[in-house]
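Look at the two complexes coming up: chain A is in both, with chain B in one and chain C in the other.
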Partner chain A sequence: MLELIGVSKTFHTGFMGRNRKVAVDGVSLQLKEGEILGLVGESGCGKSTLGRMAVRLLRPSSGRIVLDGKDVTGLPERQFREYRRRIQIIFQHPESALDPHFTLMDSIRESFNRLGIPKSEQQAVLERLADEVSLPLDILDRYPGQVSGGEIQRAVLTRVFAFKPRYLILDEPTSMLDVSVQAHILQLLRKKAREDRVGMLFISHDLEVVRAMCDRVMVMKEGRIVEEGPVEKIMSAPDTPYMQVLVRNV
Partner chain B sequence: MRLRDGRSRHLAGKALRYGITLVIILTINFAIPRMMPGDPMINLLGEDAARADKQLLDEMRAQYGLDRPIHEQYMEYMLGATHLDFGYSIHKNLKVADLIYDRLFWTLVLIFPSVVIGGLMALAMGAVAGFRQGSRIDRLLTGTSVFIYTWPSFLFAMIVVTVFSFHLGWFPLGNVSSGRTEGVAYILDVGWHLFLPVAILALFETAYILLVVRNSITQLMGEYFVFVAKSKGLADRAIELRHVLRNALPQFISIMALNFGFMVSGALIIEIVFSLNGMGTLIYDAVLSRDYPVLQGAFVYLTIFVLAANFLADVLYGIADPRIRDANSRESA
Partner chain C sequence: MEPSLPGNIFKRINDTGIKSLALNPLRTLGIFLLATLVLVAVFAPWLAPHDPEQTGIPYRSPSAEHLLGTNDLGQDVFSELLYAGRVSLVVGFLSGIISIVIGVAVGVFAGYFRGWAEELLMGTTDVFLLIPGLPLMIILAAYLNPSMWNIILVVGLLWWCSTARLVHSRVLQVREMQFIESTRALGYSDLYIILKHVLVNTKDIIYAKFSLAVASAMLSEASLSFLGLGDPLNISWGEMIHFAFSRGGFANDMWWWYLPPGLMICITVLAFIMLTMEGKKDSKILEMI
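Up next is the complex of A and B:
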């Protein structure tokens, strides 16, 4: 289980860091294996900051991150690297998620090398994963700027699935893709969660997609969780006026 | 094969553009001295000019071809420029090309070590500052660079000369050598003479380029692909070198090339402050004496060097950024 316990994040901005901006304020959540947990809220409410803290790309200002029973909050980066393969993140903008100087193949192979997959086996692993995410092999010698957003996102999924992660943080993974590609990627992710028991934190502001994807939903406003519960309950009869407005506007 | 064809075509296109630029610059170079106030013949005669009759002045103008229609002067100038022949100096009565070869060597001896040392220092220190954004070392390097960059180079050079050469006597006051040594001793002597001017030029190059490299790296450190590299579990050093620094290289090369022109003009000023017999003092004297042929010749040589540096940067840019190289090969396919 991935647990965030009372995590907060404060950014210091302005001259000499005098301005304080509390992006996340004492949020707790539990993500079980195989579960898809939705995190909704308007832009700037702290969803992405929370997602980055979950994979420790940002250090929380306070609170704890517990991964499969191990408190990894203060773990030195060198030691945390071993935990990184269990928890991966997919970003909203596929075109900037891959190094523009690396071909798709280079980016994927870098992950394979990091995982210690022998060179002789890499092609077979690549073909299996590419087949799983419907990634055409003939585009792998291209750079991210030379392929479509959908193709990049599939390459990203290939890279991510190679790690066999236990948890995935999905930061609006399909919001920049066209509808047909979006549907296919969402289907793929849902299948992964169900078949391989991957826990997913699905960050989105698209309530229709959240309804289709998630088991449970948390609603975030100004850095805090204001409501949470099963997806059907939250979508049909939300308790808070904030969520009622969001649902009405769908 | 296709890739090589693509690159050749790309470089040929670039070379053509540089050729057109050179023709435009040559034309401007021809026009500007002629638009300056004053008469070079009167300047040449000095105090005798007041007593010189009109016939003598006309004869002298004819001797230098200045009496001919402007388009004829232009054609002759352009023909001469194709084999770098700019005639004779009005003031010194020596071949312009010989005068320039003599001086250009020392200007290049001044510029190239400054560019290389300054560029490498800027890349290394800019990278350290960018990777450790907000740290003490970042604040120290950035603050020092801004402080140096805001100084006029000639003022900085004059203070350095006053302190280190005049008062402390650690370095010579002028010239490129003492003229009494040979072999290795001569090289060391030249190094001693050029230490301060090279150090000042390199320092100004470092100050400016460091800021650009630092900003470029800071920006790249916030890119998603850097987060992704981190989530792959790569070590910080690997991310910094393989993903961040590599992406910063094309911009570094561009700014080095753009700054080369400023380095040349900076070197000319430094030469005047340090009384070095390079292109700077040659141009300075030529401006004072309205020596058109020398001015034109000097500017053309410097222009060729700046354009060549930019062309080299284009070639290196293609090597540093494989997307450009591959895009070119795809275009040609």
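Up next is the complex of A and C:
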């Protein structure tokens, strides 16, 4: 289980860091294996910051991150690298998700090399993963600027799935894709969660997508969780006026 | 599905800048000029018709025997010009390398790690930028022994600031890109990310600044040498102009003595600047990428 316990993040800006901006304020959540947990809220409410803290791309200002029973909050980066195999993140913008100077294959190979997969076995692993995410092999020698957003996102999934992660943070992974590609990617993710028991924190402001994907939903406003519960309950009869407005506007 | 772009063209451009030279005649001309200058400097002992130190009849006008005449000691100016290119180019390249290494290291470290290191390094860079470069170089060169290596160090150690500033701004942009975060999420170290991703995405700026740094270093060396602060044992183009000035070349209008080294400095600096130029087609393709 991935647990965030009372996690906060404060950014310091301006001269000598005198301006403080509290992005996340004492948020707690639990993500079980195989569960898809939605995290919704308006832009700037702290969703992405929370996602980045969950994979420790950002260090929390306070609170704890517990991964499979182990408190990894203060773990030195070198030691935390072993835990990175269990938890991965997928970002929103396909156009900057991969290095523009790397071919899709080079980017995918980074994963294989990190995992220590021998070169002789990489082709077989690649074929299996590419088949899983429907990534055409003949485009792998292209650069991100030469392929579509959907193809980039499939390459990103290949690179991430190679790790066989137990938890995935999905930071609006389909919001920049067209509708048909979006549906394919969402089906793929849902299948992954169900069949391989991958826990997913699905960050989105698209309530329709959240309704279709998630088991549970947490609603975030100004850095705090204001409501949480099963997806059907939150979508049909939200308690807070904030969520009521969001649902009404869908 | 969005249309994909023609793969082979972009692959070629992305693979290496060299293959896109056909799209950029100015850069190609710059490379041609520079390659010629380097080859001439390397093969100077075979190309020079005379030993540049051999003395003879002074102040001779250009002739078939002495293509660019002779100087006050009767030395062949053309041969001296070929040999002097070696010193000017070595000073330019080595100073450029020193300044680019320091500038890139400071810019990348400050931009990537940020925090107190950024404030300290960029603050120091700002202080260096405020100091007028040439007067400081003159003072340092005057106090140190007049040697080629001291000039290389002085120029190299004072020309890194603008590179550091520019690289720093670029790294600030690159470090916020998602592929940097996703590579870190894969568990790669900061060193790997800097070497494989940050530097690769900053290389266009580094190439451009290196060319300009070499050009600036050559001009600085020429200025110091012209002021008599160069190495008298290693004659450079700047040193040739200095001797032409101090030994009557200018006063007696011996253009063959002072004009060729001046032109060589101009051509070399121009060649380095051409290397940084971006062709029209090139920039269009970069926009599309």
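One rule holds for everything that comes next: the second predicted complex is superposed on the first by the 250 of 250 C-alpha atoms of A that agree within 3 Å, B and C clash if a C-alpha of one lies under 4 Å from a C-alpha of the other, contacts with A are read in each partner's own complex, and residues count from 1 in each chain.
Criterion: contacts are C-beta pairs under 8 Å (C-beta built on N, C-alpha and C of every residue); 3 or more make two chains touch, one makes a residue touch a chain.
Keep in mind that what you see is a predicted model, and the values were worked out from it rather than measured.
Student: Put chain B and chain C onto chain A via the superposition and say whether they clash or fit.
Tutor: Once chain A is superposed (C-alpha atoms), there is a clash between chain B and chain C.
Student: In the superposed arrangement, does A:86 touch chain B (first), chain C (second), both or neither?
Tutor: The answer is neither, since A:86 touches no partner chain.
Student: With both structures superposed, pick whichever of chain B and chain C touches the larger number of chain A residues.
Tutor: C
Student: Touch test for A:64: chain B only (first), chain C only (second), both, or neither?
Tutor: neither
Student: On the A-aligned overlay, A:181 touches which partner chain: chain B = first, chain C = second, or both, or neither?
Tutor: Second partner only, chain C.
Student: Of the two partner chains, chain B (first) and chain C (second), which one does A:52 touch, if any: first, second, both, or neither?
Tutor: After superposition on chain A, A:52 lies in contact with both partners, chain B and chain C.
Student: Please work out whether A:224 is in contact with chain B alone, chain C alone, both, or neither, and reply first, second, both or neither.
Tutor: Touch status of A:224: no partner.
Student: Classify the contacts of A:211 with the two partner chains as first (chain B alone), second (chain C alone), both, or neither.
Tutor: neither
Student: Check whether A:100 is in contact with chain B, with chain C, with both or with neither, and answer first, second, both or neither.
Tutor: Both partners, chain B and chain C.
Student: On the A-aligned overlay, A:190 touches which partner chain: chain B = first, chain C = second, or both, or neither?
Tutor: In the superposed model, A:190 contacts neither chain B nor chain C.
Student: Quick one: classify A:110 as touching chain B (first), chain C (second), both or neither.
Tutor: both
Student: Name the residues of chain A shared by its contacts with chain B and its contacts with chain C.
Tutor: 52, 55, 57, 77, 81-82, 84-85, 88-89, 91, 93, 96-101, 110-111, 114, 143, 145-146, 156, 159
Student: Please output the residues of chain C touching chain A within their complex, sorted ascending.
Tutor: Touch list, chain C to chain A: 1-7, 10-11, 14, 177-179, 181-189, 197, 200-201, 288-289.
Student: Mind listing the chain A positions that touch chain C in their complex?
Tutor: 52, 55, 57, 77, 81-82, 84-85, 88-93, 96-101, 103, 107, 110-111, 114, 139, 141-143, 145-151, 156, 159, 163, 178, 181
Student: Spell out the part of chain A that touches chain B in their complex, as residue ranges.
Tutor: 52, 55, 57, 77-78, 81-82, 84-85, 88-89, 91, 93, 96-101, 110-111, 114, 143, 145-146, 156, 159
Student: So in the complex, which bits of chain B are touching chain A?
Tutor: Listed in rising order, the residues of chain B that touch chain A are 223-225, 227-236, 243, 246-247, 321-323, 326-327.
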